[in-house]
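Each chain carries a letter (A, B, C and D) given by its place in the written order, and its residues are counted from 1.
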């Protein structure tokens, strides 16, 4: 199931609900699928020192991230019997309430889809060279740190 | 966050990708959300004795299922700091490739959304009085049993 | 006293009805005994009993206003 | 020998550049020493070094064709 060609995971701007809809729709022909799991990251209006986050500006070391993603994809397919998996991450300015991460796993049975998706999300957050800069309503900025 | 009014979780027919899209879209105004997790059940073209499943016909003891769902919803909100949760289950004939279950959890942080969604899916499968009858391409039928 | 018993899933098929009625069933143990006497097919299938939309795990007194249902193993989702 | 070093995230801001160039850095230990000498701000920030798109965990020989990058803690997703 794994393929070695490098898929671009990066999207300029937010990931739209209609893009997600189309992605779900495309799977209706794959009738060996019984379960999908989808994780979505949404920009949260965090407050710090009386200021509120209005957007996150994402940048990445794209070449390295795509190489790493090939490795992660292969390891996930080796560890979980998935039908397919898809990862999309935003670049650029993403406003609060918009979606910046879309991780989608599909399998015959629920446990594999759910576990693979959770593992993928953790690995994306800890291993891909992507940086988010939080933009506050007074114009100040801080570099986000993943927990 | 929990509310005691009984929400109908049942949909006649399959759950459409556009319904899922609209549900995601509605959450863009809730800027305290940082993570969504979505589980989708899709009808699988299982093979048994040389025959292939073409649809599952779902029926339910609806009154009891909705009562039970109120209880499950309250317990999930008590155990996980969620912003919201939504459950939709199909009734009637759902063809292979179509979606019959849509479980949607949202929280400030990913772990809560992911864990709550998995717990919800397990409880829906084991505790709600819903029955699926698999329809095969030769017209034969068998009652599905959840693993 | 006549009691109405709702049927679901495979039980509808087996008994070829949406519900059945039974007389003189004062509690759920008596109900089960009479059901299996009247419908031997029920001895071969696994099911649980709900009274007023709750699964019962021990004997319970029944009245004409009780909502009784026979539930085969669930298979939603 | 002159080596190009890509900068990302907060390091672009701190050094006010997308990349820097360093001379006479035969291996990654020498690179780190020279970097921190030239840019004292780098001693205050946590970052890792990637060579040819792999994070390094020990000293590694560098050449002019090496793709070197300084990576602050990741915060994607």
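Heads up, the rule we're going with is that contacts are C-beta pairs under 8 Å (C-beta built on N, C-alpha and C of every residue); 3 or more make two chains touch, one makes a residue touch a chain.
Values in this document were obtained by computation on a predicted structure and should not be read as measured data.
Shared contacts of chain B and chain C, meaning chains that touch the two of them, come down to nothing at all.
Once chain B is taken out of the picture, touching joins the leftover chains into the groups A, D | C. Averaged C-alpha coordinates give centres for chain A and chain D that are 27 Å from one another. Chain A and chain B have Cα centroids separated by 23 Å.
Averaged C-alpha coordinates put the centre of chain C at 73 Å from the centre of chain D. Centre-to-centre separation between chain B and chain D, using Cα means, comes to 49 Å. The multi-chain contact residues of chain C, meaning those touching 2 or more other chains, are 77. Shared interface positions of chain B, i.e. residues touching 2 or more other chains, are given as 41, 110, 121. Listing the residues of chain A that touch chain D in their complex gives 41, 58-61, 63-64, 67-68, 89, 100-101, 121, 124-133, 143-146. Within the complex formed with chain A, the chain B residues making contact are 17-18, 20-22, 24-25, 27-45, 96-99, 106, 108-110, 113-114, 117-118, 121, 147.
Every residue of chain C that touches chain B in the complex is listed here, in rising order: 6, 8-10, 50, 53, 69, 71-77.
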